[in-house]
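The chains carry the letters A, B, C, D, E and F, assigned in the order they are written, with residues numbered from 1 in each.
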C-alpha cells in the first residue's frame, strides 16, 4: 500500500460544554497543524497516488472553511463540542465530499483505498480520523 | 476510527546483555519521548475519545514508575534486556492495567478499540507496541 | 556564554484591529509553543544556569495567566493587538518580574545575563523577544 | 505487534514527465529523510525486533545506491517518474531483497511481519510504502 | 529586541566543483527548508515587526527565483559553488533588495535592525547568514 | 556572518549531587541530540564555512568519548555535576582542541569566528555553550 501525505494548518476560537473540559470551557483557541494521508494500492500512470498540487489545494480549501473563525458561532456545529478528534472527523468528511466531487482528479476518486486526517493541537496532543474510501 | 494521542518523556539508565548490543553492553542511558495513542470507533457524548487530562495523567503515572531509575536494578526486569521495543510493550501493559482499573474514566474502558505506545530514543530510532484492547 | 531553555505551551482566543490583519480581524485563536532561554556567563556551584524545575514552574505560572482565555476581554491588553511578537515581549516582562521576585532562586537573579522568549504560533511562523537582564 | 524504526537521508536530482508535474518537469532535486519501520509479533531472545545496528546499516546501504545521483540518468528508472511514492516502493523492494539475503541477521528474515518505508520530501509532504514480509 | 520569523521551502539540483565535496561533485539535489527571521527594536503601531503576510510573500517570491531549477545552469551562479551557506547569503541579499524596494511595507524598511536566513538541507545539517539591515 | 551546523547524538548514564536535583540524584540517563554551529565572516574559496564531512567527523569523534558511558565513573568529571549545560561547555572545549589541532582543515582554524554547542535532553529542555574562537 502506498501513502501520500500533505500538510497545512488553521487557527480557530472555540469553547467546550461539560465539566470534563475544565478551563477549556472558557472561550480559547488553537492552531491545528493538519496532515492529510491518502492511501492507494497501485500508483497511477504518472507514478502518483494523486496530484500533490490538487491534494494541497483540496486540503487548503477544506481548512479555509474553518480558518480564522469562532467555531462557537458556526451554525453547522451548534450543540457539538468541536474537540480535536471531532474536527479530524469533520475535515475527513469535508475532504471526502471534495474527492467525490473530483477535487483530486477523475482518476483518484475510485482508486484511493483509505484516508487519514491528523490534527496536531499542541506539542503534547494530537487526534486523527481514518476510514476506507469506498 | 478516531485516535487521540498524548505525549510525555522519561529518563533512565540501563545496560544490555549480549554481543549484539556492542558498546550498549556498558551502563549508559536514554531519554525516551513517549506517545500514547488511543483508538475508538465512535466518540463519547462529549465528542471525545477520552478525557485528555486523564490520558496525560495516566501516561505520567505509568512513566513515573520508571523515570530517573537504573533499570538494571529494577527487580521486575531481572534477566530481561530493557530495549526500546521491550519498554514500549511494558508501558503498554502497565497502561492497559490502569485503563482496566478505570484510569481513563468508566466509559473509556470498554469503548477503546486499540492502543499504541511509541518510544523515541534518539533522532534516528524509535520503537512501538500496539494491540487491541478487548 | 551558557544557555538553559525550557518549553511549555498555552492556548488563547483573540482578534486584531487593523486592515493589515485581513481575516485575523475575526475572533480566532492560537496554540503558542513557548521556549524560555536563560543565559549566564558562569555556572553556579551545582553546575547549573538555574534550577530547571524552577524554570519550568516559572514558565508555567506565567503562561497560566493567559492560558484558556479570550485576550480580547483581558483588561491589561485593552487597546493593544496581542500579536505573537507583542505576547513574546509581554511574557518576557512577566517572567522578569517573577525572576526579580526570586522565582528562580536567590542566586539566579543577579547572575543571569539575558533572556529570550520565543512563541511558535504555527508550522510557518514564530516570534521572539530578548533583552539583557540587569 | 512491535515496531522498530530507524532513519537516514539521501539527496538526488531528477525531473518528471507529464503536465501534471508543472514546474517539477524541470531538472530539480530533493533531500529525502527516510524512515524504515520493521514490525514483528514477538521479540527475539535478546528482546529485539532486530539488531538496530544492522537495520541502520541496511538502510544506509540501500540509500547509498541512490545518494548523490541524477535519477534521470539511472538505467533502472528509465521511463519511470521517480516520484516520492515510487521511490518509497523502490527502497522497500531493495530493502526486502537485502533482508531476504540476511542483512538483518538469520533470525529476522522469517520473523518480520511487515515493513514500512517513509520518505519525507519537504516540511509539507511525505510518501510511504508498506507491505507484509512473507 | 523583537523577532518575527516565517518559513517556506524550495527544491533544486546542483553539483559542486572541488575534491573537498566528494560524491557531491556529482549532479544531485536538495530540499531546503528556509526560515527568514526579521529583528526590530520596537513594534509598529499595529504591534508588529512587520506584516506577516508580506513577509511570507517576500520569502516565497525570493525562493521562486530558485525553486525547481538546476543551479548549475543558472547564469548568476557561474563559477560559484552553490553550497548551503552560499545560498543562505544569496537569499539574504535578494530579500534585502526586496525590502529596500518596499516589499515589507514603507514602515519596515528603516525600522528593521537585522535579518537572518537559515536553510535546513537535511536532518543533520543547516546553514545561515545574518547581518544588520542599515 | 555565516553559520554552518551539523548534528549527532549520544547516550549516557549519570547522577547528580545536591538537593536541587530531586529525583535526578538517582542514577538515570539521557539521550543528548547535539548541534554544532560554526560561524565565519567570509566563506572560503570553495564557498564553505568548513568541510561539512570534517565537521560531522569532528563532532562524532568528540561525542564518542562520552557515548555509552556512565559519567559518574569518568575520572575527568570527578566532583562535577555533568549537567546538560556543563556538558555543552565540555564538548565545546573538546571540539575547540580538535579544531586547534586541525580537525576542520588547515584553513578553518584561524577563520572561524565563534562556535555554539547545543544539547537537547528532552522535548522540553536544552542547554548550550557558545564563545568566540580566537
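One rule holds for everything that comes next: a residue touches a chain if its C-beta (ideal position, glycine included) is under 8 Å from a C-beta of that chain, and two chains touch if they have at least 3 such contacts.
Small disclaimer: the values here were computed from a predicted structure and weren't measured.
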item: Chain F against chain E, contact positions shared by both copies (same if over half, else different); value: different
item: Centroid-based (C-alpha) most distant chain relative to chain F; value: A
item: Cα superposition angle of chain A on its copy chain C, in degrees to the nearest 5; value: 180
item: A-B compared against D-E, more contacting pairs; value: D-E
item: Chain centre separation (chain A, chain F; CA means) in Å; value: 41
item: Chain centre separation (chain B, chain D; CA means) in Å; value: 27
item: For chain D paired with chain F, centre-to-centre distance based on mean C-alpha positions, whole Å; value: 31
item: Where chain C touches two or more other chains, by residue; value: 7, 123-124
item: Interfacial residue positions of chain B with respect to chain F in the complex; value: 7, 9, 11-14, 23-24, 26-33, 67-70, 121-124
item: Of all residues in chain B, those that touch chain A in their complex; value: 1-8, 43, 46-49, 51-53, 56
item: Residue ranges of chain E touching chain F (in the complex, touch as defined); value: 16, 18, 20-22, 80-86, 88-89, 118, 123-131
